[in-house]
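Structure provided below as structure tokens; questions to follow.
Per-chain numbering from 1; labels A, B, C, D, E and F assigned in written order.
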Amino acid sequence: MAHRDILKVVDDMRIRQMRGGTVVTHAALNALRSAALKTKATSSRQFLVELRENIKYLMRIRASSIPLSNSLRFVLLDVKQAADRGAYVKELQNVLANSATQFDTKLEESIREIAEIGARRIRDDDVIMTHSYSSSVIAILKRAYQQHKRPRVFVTETRPELEGRDVARELAAEGIDVTLIIDSAVSHFIEDSDKVLIGAEAVAANGAIVNKIGTATIAAVAQRARVRVYAAASTYKFSPETMLGELIEIEERDPSYVLGRSKVKKLPHFAVRNPAFDVTSPQDIDLIITERGVIPPQAAIMIVREQKGVSVP
Amino acid sequence: MAHRDILKVVDDMRIRQMRGGTVVTHAALNALRSAALKTKATSSRQFLVELRENIKYLMRIRASSIPLSNSLRFVLLDVKQAADRGAYVKELQNVLANSATQFDTKLEESIREIAEIGARRIRDDDVIMTHSYSSSVIAILKRAYQQHKRPRVFVTETRPELEGRDVARELAAEGIDVTLIIDSAVSHFIEDSDKVLIGAEAVAANGAIVNKIGTATIAAVAQRARVRVYAAASTYKFSPETMLGELIEIEERDPSYVLGRSKVKKLPHFAVRNPAFDVTSPQDIDLIITERGVIPPQAAIMIVREQKGVSVP
Amino acid sequence: MAHRDILKVVDDMRIRQMRGGTVVTHAALNALRSAALKTKATSSRQFLVELRENIKYLMRIRASSIPLSNSLRFVLLDVKQAADRGAYVKELQNVLANSATQFDTKLEESIREIAEIGARRIRDDDVIMTHSYSSSVIAILKRAYQQHKRPRVFVTETRPELEGRDVARELAAEGIDVTLIIDSAVSHFIEDSDKVLIGAEAVAANGAIVNKIGTATIAAVAQRARVRVYAAASTYKFSPETMLGELIEIEERDPSYVLGRSKVKKLPHFAVRNPAFDVTSPQDIDLIITERGVIPPQAAIMIVREQKGVSVP
Amino acid sequence: MAHRDILKVVDDMRIRQMRGGTVVTHAALNALRSAALKTKATSSRQFLVELRENIKYLMRIRASSIPLSNSLRFVLLDVKQAADRGAYVKELQNVLANSATQFDTKLEESIREIAEIGARRIRDDDVIMTHSYSSSVIAILKRAYQQHKRPRVFVTETRPELEGRDVARELAAEGIDVTLIIDSAVSHFIEDSDKVLIGAEAVAANGAIVNKIGTATIAAVAQRARVRVYAAASTYKFSPETMLGELIEIEERDPSYVLGRSKVKKLPHFAVRNPAFDVTSPQDIDLIITERGVIPPQAAIMIVREQKGVSVP
Amino acid sequence: MAHRDILKVVDDMRIRQMRGGTVVTHAALNALRSAALKTKATSSRQFLVELRENIKYLMRIRASSIPLSNSLRFVLLDVKQAADRGAYVKELQNVLANSATQFDTKLEESIREIAEIGARRIRDDDVIMTHSYSSSVIAILKRAYQQHKRPRVFVTETRPELEGRDVARELAAEGIDVTLIIDSAVSHFIEDSDKVLIGAEAVAANGAIVNKIGTATIAAVAQRARVRVYAAASTYKFSPETMLGELIEIEERDPSYVLGRSKVKKLPHFAVRNPAFDVTSPQDIDLIITERGVIPPQAAIMIVREQKGVSVP
Amino acid sequence: MAHRDILKVVDDMRIRQMRGGTVVTHAALNALRSAALKTKATSSRQFLVELRENIKYLMRIRASSIPLSNSLRFVLLDVKQAADRGAYVKELQNVLANSATQFDTKLEESIREIAEIGARRIRDDDVIMTHSYSSSVIAILKRAYQQHKRPRVFVTETRPELEGRDVARELAAEGIDVTLIIDSAVSHFIEDSDKVLIGAEAVAANGAIVNKIGTATIAAVAQRARVRVYAAASTYKFSPETMLGELIEIEERDPSYVLGRSKVKKLPHFAVRNPAFDVTSPQDIDLIITERGVIPPQAAIMIVREQKGVSVP
């Protein structure tokens, strides 16, 4: 059975389910490190068996999280290579810790890089529409503001969690002019917008973007209005599984988030559906801003094929 | 100064601002009738002056309401023609009352006709997406259900007023299977839908539809997914002014409807915008269901030119 | 019970089911005339009852045939008006005969007019693609040839009945250069075509065209290649029912036309479907050539509203 | 002069011209192997001259076949490298035999891989439209069926050879529900379809697909209806020549396949054209399923650049 | 032979060929009036013969000018009706003079009406792109400016005649901010534009616009950028002939206007083509502003069918 | 301070500002070589400092020129690597000279290769539209002509510099049939064209093309008419900066080029804008012809990532 630290993190994260992929990945790597230090394995073979089991458990936090699976695959590869080289348990513990730290650091750095590269695309008087909460998007807008640009931002409230209100307050606190609108007003305000800027939960090999529900709607509306759509995503969110034909699963969350807990009584003929994410077609994305540069969605497959620990051909 | 009954109705209606155009029109015609009975005019000329003044006040309820202005123009024309024929005040009172009743009856009948004609377009197993509250849409779906068809319906919650919840309950109570979704999930569920069915606050001469905010978004998303979009609207909602180049004004409502009253404190750099309606381009509408038959939006101009009391060429 | 002549015509026509709407209409009008002459009705009221019954039977030939229902409605209206004027049976017989002849004549004349008007759209060196058998299309091409233009024509073989071979031979016999191609080669040859020219079984109020299966495919392919699509259709094929929301029913024919009679054994999991017609969206039609002029599909509703005997508003 | 075995294979294949690229490639590699065993070459230089001549002859089977030219280029490269290393004739015979077998095996394995990867994209209740005969498509559908999914399949009859009937029977025999339709009914039935799944004769560097005539039509119709189009093609069908600007030649076959041999008499002004393939634009393809993963058509160029024996930059 | 006044006007106008349709029409009506006064006809029949001959000559000024042919048809109809009523030559002279004056007046009034209706569509801060010289467009912009709106205008220079420079100077003199750009910069500046506003030489029954070469390019570019395109055209420019299938002929003018007179030496393999007008598809026009209201291009056919003197059905 | 040769070249080039990127690059490399020979640097470190300064100055010729910055980066990398290996000043001079020559040669060769590869895409009877002056385009057309193909070419005059006249004369002198048209006639003549063939000033990482103003207009018009657009560009014009989010700056040139020097008086409310280039979206480009093969614009990023001296990831 998997180590207690692992189980605890899995439980914790599943409760605070709204958290972004970056937070989840960070916690999982910490748990992995901590479990490795407390290992009772006496052979590298045993250590690897234990590691694989822990990873299996950690994937339960969110089976569909690409940064999570990418980080675990990254660490596993490093440990396996060390084991193949004949390293002992002690050494494998170090390798694992270093590998996890390395991934964490890279993930953090990637957001700084994205902010730098993305801010170059923001013009002084741009009107930008954004949706849901994305660390990368916020970092880009703040960086642009530091460069003395004065973008104005339409922020959708992002039902049902309404995290758009947090985004709006965070940007306004920085000094950036924001206008909060309801999600269904995007067609109305897209005419006044110069760009759409969104984050990504995952990027498929064909350049499709999985992101908070509503993203596909905004991108479709923007594309018709000939407004450019930029997605900001670290390359750790690019999904190698999709090259093998696996589809990214869209999880549905508790209907009580939509109706309020008290109101969800069993009414006949009455259902509520609450998918957490949707898929934006690559045709509706103009560019993806990664820490390795700005790429068209069609180049996502290049990034996927170059990922460490990815065995796709 | 305008009659007390008129002023009262204007005030009443402005407070209950969410009400649909049909309710507003009904109340205005009632007020007009009642004011006419209490008139102190002693000549038909004086009667007409008074009537014009009353109409001017009634238009304040909602300057942009097309059924309202169409109904008042309808009554005025009848009274004027009678006055031109030499009718006395007594007779003009009767003409006005009859004319107002006639309009009211026609409006009611038009919804029954729309239900009948629209229901023919619904197939047994259709999956239909709708948005906001429309008497015509509900009437069509109920009529189809009476004909033993079993459509399933996606209903958007329709922020900020959330009247979609009422629509969902009303349809479910009838026995129709409904699924409530958030507004921004329309891209996700459009793939599973066969048709979009919406009402209309007003129809412009070029076939554009003014309806509750969010309608343009759904129609755009549906059009990209090659899902048909039907708008149900009585011909009393067709707008002759738009032929003269006037644009239909979109009113913005109180931001507190979006954020909740308590939360709208003055935060610097932070604004909320809350337009009540948006405009759906005729390119995104497949057919308009009227009580006079099903027409393509491009034929809206024919309806407009045939309206009683319309002097456009 | 309906007159023997009527029943015979209904049977005859249902067997020779491939015939076009014009032939069917001609036969139905003849039967009506003949039955009226042999009537035993002694009052105009009785005559009308009988006529309505005959019409009901004749509609069984092909419930969806628009020229058929338009012709019967045309005659019925004339007879009814005469009866309303107090005409006797004798007179009603004459009215019916004249009315039927008038419709027949108009239908014939309409094709000559369409040939004249349509030929003006053909340029000397045009490459034209056509599909299935349409008297109007053949008449236009022959007329253009008489005017010393030298169009070249791609003719699809038009499975399953392969009537395209007849079209090709008929045009070639006239001296027009034709190239026979298989139906699925339309994408390949559309690049070499200047225009698509097709007939119509029926025209809906919104300008959609019902025509032999495959028409919608060619029109879609042409539209993408920016090749103009012209439909030739007499106004007697315009359908008033579609204004009332009725959908034009697409009949499915015997699968043996696809597989050959011998081969259709009952194989499990194996079905054949053989719809006779399909519906081409007005967006894929550039112009409709009628005997009353060339109209955009959006103007179809004007034609429908002006049809004699049509009570739509 | 080229060896008898080579000439025999060339003749055989040209007669049975309908066969797919995989069969042709297999036969050509066999002939090459057999000719190499019987060689009278006494020097490796002589052996290479002979090999090049044999390859030149084999290309006559079908000049445009990409798997054929790719396989021959593959073998030639191996033999040349061995010769450059100073290998003798005996050794070169072995190298050639091994290389040919290796290619054959890879080609076979690629179809198994494609079936595996492709089946992941099939959902339980998918309605799939396919066209012509493709081993990869059939393998995918059978694999999905083995995984207890129950797709239903529309199969076009695929004039003029009608190989769609074979596809339908083969799938139905497996237990998969198929519906056979005529080629021109694709617009009618695309509305009821969830996906289009087709094979490929060749894939150009820009992701365009060369496949049996009619494929471009279905893809265009599907794209308009927003139905996804998947092409299944091993990477051995990717064409390096197209990077150098060469266009893939579309061969035209005997008109008697269209009209029947007896009917093709010389009629003046009457021609028949019968192209065997057409080209589907990358814009109309959503994904290409290869044995190395699922790629967007825009990534075809990556596959092309990595091919063994390909000197393009 | 036609009267001297007629011939002189024909000559004059053909020399000053750049003039707009309104100027040409005015001159032609004047000539007709003057010729009628000097007539030597002694019978109304003779008068009509003479009038028809004069009209035939006047059409030579510009065979394709729709306002010209519409004006002459208008006058002819009035005179014919008077002759049918038994009017004498004297009276016919009066009828002709009045009819010509009436047409002239209506044409002038129509521009004032268009300015009024069109100005309602201009918003205070609109950025408008225009092309070539149109009295209606200039009138609309000036009217909007009088209403204290401050539109900014991109004016294309409009090669080869460069009349855009005149438009720019005329608007700037009024106080309107103009920016002159070259014709091929329209894609670059359309992103900064809110509307395109153009005139029309003729409007076809299907809503297509014939206007100065370059109009179709701007409309296509605007449509892609989702910028609205408005055409301003009096109903006297609507063409009834196009309902009968006649295509509007596009005249080609002297190549020396492109290259300069001196430079057009006969160089082998070197040609210059200089079409004066092009045809903008109704799909690229959002609205047509007429003196009778704002209509979608699809409603052009309604205007055409209501024109005086038009015998189309 | 930078060497005199450098300054002179910078000045020269800025005056003759119309010259293409190839000419500018050639001159800059020459200046660099000449300055290096006259260097007074006594250490490799000093030599590198001097080189960097010279490069900084040379970039002033045209900050946005991609071949220029690519060439200087290329040389700098070679010299730096040599210095890192411990080379002395003497040796560095040689390295620099060789590196510069190598780049020059490659640039020249690339045009020959492009001509060869591009000519394969030209068919005997193609009608080709081109815009502005591009050495690559002219080389392709001449090469096709040498291969006995007989393309006909529409050449736009290309305001304001009218270099299209030179292109037309150069091609006509070769024997190729050309037709000169004004820039705004592209919509009119695109219907008669089979392909658009243009050069490129720069290619962005996402495949967007920067080229002479008007290119974006032609490409948009061609795309709507389903006419293929080919851009010819050596890989030395591919821009690595755009991967880092930098936008290619569009320079605006002297308004006197548009209006003529004398006419640009200060008129109030009157401005002239004269951007030199515009940006064509990758969606409007079908293929880019490079010396390394024909690629879809989406593959531009592959070329960019493989460029020597490019540190992008």
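FYI, a residue touches a chain if its C-beta (ideal position, glycine included) is under 8 Å from a C-beta of that chain, and two chains touch if they have at least 3 such contacts.
Computed from a predicted model, the values in this text were never measured in an experiment.
Think of each touching pair as a link: the shortest run of links from chain A to chain D has 1 of them.
Matching residue numbers shows that A-D is the pair in A-E, A-D or C-D whose interface repeats B-C, with more than half of the contact pairs in common.
Centroids built from CA atoms put chain F at 59 Å from chain C. Spacing of chain A relative to chain B, judged by their CA centroids, is 43 angstrom. Mean C-alpha positions place chain B and chain F at a centre distance of 58 Å.
Residues of chain B in contact with at least two other chains: 224, 298, 302. An unclassified topology is adopted by the chain contact network, corresponding to no line, ring, star or complete arrangement. Pairs of chains in mutual contact: A-B, A-D, A-E, A-F, B-C, B-D, B-E, C-D, C-E, C-F, D-F, E-F.
Residue ranges on chain E touching chain A, taken from their complex, read 224-226.
Taken together, the chain E residues at the contact with chain F in this complex read 131, 156-160, 165, 168-169, 171-172, 175-189, 213-214, 216-218, 220-221, 224, 250, 258-259, 267-275, 278. Chain B meets chain C in the complex at residues 117-121, 286-287, 289, 292-296, 298-299, 302.
Residues 205-207, 242-247, 282, 298, 301-302, 305, 312-313 of chain A touch chain D in their complex.
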